[in-house]
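For clarity, chains are labelled A, B, C, D, E and F in written order, and residue numbers in each chain start from 1.
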């Protein structure tokens, strides 16, 4: 299947990068039913414990994605020549109603799944991964490769709050959306609130890769293992921008020093090649805390890296 | 009643303004039961329609309030010599649960009222005025002088969301916390979503003073009328930082150009002298959208202006 | 003529202001032939003498125009109910070729004129007004009300450069696009390079209103005179954001202190009511020099003020 | 006396404003002995009570003064055609030794006075006015018109520190450098540390003009009185950037809301025309707290306003 | 010894991180006599050669330390369960009197030492390490592991200024506070003023580890050697934030490119485990030059790393 | 040849770094004919495809170069003791006329070459390398070591624009200014517009070193090969700041994540030692997109690294 002429980014040799209404990667707008890969924004930060602002993430990721070009310089993948990709707009969330927002999101992703499109999402805080998984995992639990400084498997905050950006994957496992034995979390670091914080994740069988292990073993070794763990069955990929060090990505809700470099981040994502990916997200870009758009530039570039892997996989299927 | 030596700001001739743990106005910390006027933070922005961040307001208002001095240069009021004032800390809100947060806030203010202290609150978005009024208006509806670019008397957003920073005073009137005939809103401006937006407020008998009227008549004339309207009975004073022009106060959720100057804002608040004020708030300072702390400096100075009026009134009673 | 349901901004009570792909005022995209008023971006700053960046103006004006609402709070004008308005996209300029860019712009505006639409343009530096006038003034010279700190009637820079943002209106008069006897420039100020700088403009019969005169006489008196000067025949309105003081609009190429306030700016534009306006622009917003988006918020709000006047006039015709 | 061709700013029609090594107003560098008016930097902030950074003031004022042009648009004064003006460099202060720095500064200004040049100084914090006056007032006490939010006539801080930016004019009066009966302070405002703070100044006979009086009476009335008070004998002019409201000049050590506008500031300085001015300074620009250079642009423009008055007066003598 | 319930950070699952008055790590306030480890601020930058602002360091480090959690994710150390830790406030320095400030600081640290508490200090510029050492080294010279881009062993600046942030460790060695044979400096880099700049340090026997050596050998090898050099006797640890690359920590007085990464910095500090540490500091965080608080976040996290090592050591003794 | 006393930086132990008019590295100003190495600014950004602002580069590089010291801490090179170096000012470009600017630049560099001075240039965008090479390569094609994220060997943009910052080295090879067999490009990365983008460069024989190869092989191995390729004949060195990762250098026109670290950048430049370098440039620093001056600090430090290599080579000849 080829993408034809319609689903192409604006040509920067004709329309300058600073011109035009900023869709994702300067792509046309379309409905999920029309595409192979759907770029979707989920502007919601109602799950944020500390620094808000990720609701402004999709807007600024679109803005900075004008810098994205067409062909990957290492792999040679040209996603727009392999599949149909478009900007499918934002899910209209409700900033005052967490439950309503979760429902709107999961409904939208159920529709995307039904349409046969693979979603690549721009968040939004990390809670949005839960309703996305609810929409996508209707055929059984998915595996997951999860890049993050945090496990996001807390149980609750403030006594009763079980749905926030520290809990999505605990909920997802409890709801049978993820198979914890096929979940790998990479880049973990930072002090924890309680010595037992990692216990639940370990008990479920999640593979936790701390930054210290990643530093020592290197990207290739860790990713080889990760790919073996998740295997050939469908997985979800969740990329929290805070896995990247705050020197590269300061605009995020919960920065942790000592993170992965962008070179490592790119290598981590490129290593996803060959996996069967049902969807991916890039979350926690918070423009009010950004500096000169650098976090959004980083995020938009990582979305392109993810897109190349998704397009390659989708084209093969 | 005198404040004695305890409830005094740190002396800037001994401890530099940049030193020390930043309480409001470098005051000691105390419980509401120990003071005449309680400075309280309500770090909550769960009612924000667009740009979040007011949850960080109390922290930054404390930080910049280090610049506040002791004696008003025009009125000669020295609040710390008239009454006992202290930093009574923050209400511990729940960022994921709007209803829970409203309850925590109203409970705290009921306690403040019971203690006989007059609260001066640093927000937080404007929704917090509703639970504050719930805590304070147990003896019957209050009047209100309300400085704002917006009436905040919308009915709902997103279909079902009746509690957000666009609705607090509609709810307060519906709940009998405010007497609309004794409510004056000053500084209104900005395009509206629907031509009927002001109808409800007018039907209730609220006096709406748009910026154009304020510009034409001047502060003194408008405030004379406002004071007649609210009369001698207890009132609440709510000061939304967005009544001030964004050139002076850019760090706010819903900026509207063409606002009042800080000179006008100071004159507006000084004119409150003589009224019976049960409580006051300064809301909608959003540090992530601020520039060099200028909004927080403005907000902290306006809190001092409010404090002088509150202290003078409290000392007389 | 009514606009029907299509040419309406997104409803902020359904889709939050931070969501969605940012068109001007969250309007639909359309061709000039389909609308009464065309919102157009001209991202070009090749005429800038000192601080560049206005090429990024249309993008950021679109972004911040999400804050714009539907109905004017003073005049009650609801432009989207009076006429068909849409975002007609950007003219694709060529940043390396000034002449080519001028041609692309004038061609586009000739098409807009032919379509019968009134253009409201977001710049771009002030040179763009020249090719816009070339496109619009095919039926004879227009009058102009021009808000600016500078006359923009220099002859040349660097010896041979006759086309830049200091010269557009000299060229326009030389080319017969403007009738200098029907041109009024308001808000002029700032030191000049040579004592004779204003001589040419005066000799042509342009009415120069310096900020000092505006301060002394007030907006109403100055605008009454201006309207008499331009009369009932068609005019162009050019609004350089630098007419506004840099405290309100720092993000511009040539800031001059001591400018008009936003309250005055709004009153100046509202006073245009009743004139026959063939087109208008808002230029010189330079996002790289902006602070927290405040210049773009100011610019987007002034575009709404201009739109209301244009819509009222267009609806009458 | 004419300035000849040497003491001229770079021509912006030949060398763009962004090019070249930034001297004050793009003037040549020279020694005080060669000029009529000496532009001098005093990069010192060792007298700052709270927010430091004014040591970086001269550098940034030079940088932004590239925007200054040649002829005043209201008065028509062209200073570079009236007198010889140059950038005479910075006094080499010692950031670790307040006494040593004071001596270096007063020595330099004694030399300037001996050379017959009138100094226009860019600070540095306000303490520098004291050693400048020591250098200039060798023929007897001067009068002074002083624009500031603060009187700077405190006695001491931290018990023993009598030399800081809150005390220069108390010391200057005690040392006989200023005649307090011929001192006018304009723009005063802000809360004070103690109700008696203004007593000493009043006892000396200083005329204090608070912002409220200035607002009520207007610039012309206040300046008429000020000029009568200082009379025909030599005066010094000290302009603290914090007299201007922080919306126009946020980059300063002790911002106070409710200040003068830049329009008022320009009118205040223009009204100095006709006085016998022995020297002037513009102080307290603190670049680390500035936003986008706006404070330095304001300061550099005010230096040009001061220069015009100085040049006119010097040319007449 | 256990810390009991009192000396615990606020629970972020009850009080959100953005709420409350910002003490260091949200700990209670206490006197040095009440604790095992005293967190102390020294807001002083009177020793700064170029960019000031470190006086604001303790305030902003407190602010950003709200992000710090309770348990180290690698070592498992939970300092608040091992020892009593509290915020012991700031030393009240005198910004106009360097000598007075040095005395106030050394007096305070002598008291801390007498109380038996181990101080962990937030600066301030690096000069503060000298009076801290004067307070702590009363029992004989200490060893030191010193992380810095600079040796800080200059003799003097500006001829006579022997006490500034370039000289503390020369003075400390001259005064017998440090044993140069047991001093290791790690991370040195950047051009020098004179080829002989390192001679004095080398002659004293200080071990200088340049960044190039650190890069080549790695953290483990360098720290093994460092620990052998300082041995089992008491040492001081001084951490200048400028040892870290400015991409991670731009807000400092003397940035030098090519510095250590935060991952390396964390590994360097973790390797201090097992040493006998009498005190530690983290200095040269200058908020006015910071970008979005990232330097303070980095600094606060490094304070937690230091605290874990100090707590482990203190608990063993 | 020695530099004597004249061509020395200001002594920072006498004149603080924040004082004085900012020339490059605080050096004296001189003509190219008077020096061995000429520091030159070329403030031009008319070749920029997307984010402008490099015209402000030389000004800000001068400003931040005040931090540069005298002696290299690794190599021990003291350039100011080896050769005569001075600030030779800026080429006066014409921002409205690309062709005129190219001519002004090439004329100036022809003069520099004739004078026998080696130019070290601060840009400006990368197009300036073309006219520099036109001025320098009059004796035949040069080799080049080129550090950049991009090859800058595109053919044209917008159809007809053959001269912009994406094309200089294609033009230079076509014009015989560079010998492509002796050109090495290091640090390449980022998506490309078309799969054939690198074909032309490869066909010419340019050696392309992508960041992935540099990461794998290391600086030493790559530079050994590069030095073999360029050999003993004269070369040009072009350093685009965007070869460095945007975390270190955000202020540039076309940032690409995943770049070289400053440690690597310093090692790359130090490895140039021994080559015969006819000139060097550092381009694409764009201050309006910088954050706190960090890009300019990085750029100024890299200029010092380049200067050391140039001085060493020049002194030997």
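Here is the rule we go by: a contact is a pair of C-beta atoms (placed from the backbone, for glycine too) under 8 Å apart; a residue touches a chain by one contact, two chains touch by 3 or more.
Chain identities (UniProt): A, B, C, D, E, F = Guanidinopropionase.
Remember, predicted model here, so these are calculated numbers, not experimental data.
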Chains in simultaneous contact with chain E (Guanidinopropionase) and chain F (Guanidinopropionase): A, D
Intersection of the contact lists for chain A (Guanidinopropionase) and chain D (Guanidinopropionase): B, C, E, F
Chain of greatest Cα-centre distance to chain F (Guanidinopropionase): B
Interface numbering overlap (same over half, different under half) for chain A (Guanidinopropionase) and chain B (Guanidinopropionase): same
Chain centre separation in whole Å, for chain C (Guanidinopropionase) relative to chain A (Guanidinopropionase) (CA means): 41
Geometric centre distance via CA averages, chain C (Guanidinopropionase)-chain B (Guanidinopropionase), whole Å: 38
Centroid spacing, where centroids are CA-atom means, of chain B (Guanidinopropionase) and chain F (Guanidinopropionase) in whole angstrom: 55
Two or more partner chains touched - positions in chain C (Guanidinopropionase): 14, 16, 18, 49, 51, 55-56, 94-95, 157-158, 245, 247, 289, 291
Overall pattern in which the protein chains touch one another (line/ring/star/complete/other): other
Chains touching one another, given as label pairs in label order: A-B, A-C, A-E, A-F, B-C, B-D, B-E, C-D, C-F, D-E, D-F, E-F
Of all residues in chain D (Guanidinopropionase), those that touch chain B (Guanidinopropionase) in their complex: 49-51, 156-159, 188-195, 197, 210-212, 215, 245-247, 250-251, 254-258, 289-291
Chain D (Guanidinopropionase) residues touching chain F (Guanidinopropionase) - in the complex, by the definition given at the top: 14-16, 18-23, 29, 41, 43, 55-56, 58-59, 62-63, 87, 89-95
Parts of chain B (Guanidinopropionase) lying in touch with chain D (Guanidinopropionase), wherever the complex brings them together: 12-14, 16-18, 66-74, 76, 78, 245, 247-248, 261-263, 266, 291-292, 294, 297-298, 301, 304
Footprint of chain E (Guanidinopropionase) on chain D (Guanidinopropionase) - complex, ascending: 45-49, 51-53, 55-56, 94-98, 100, 157-158, 160-161, 163-164, 288-289
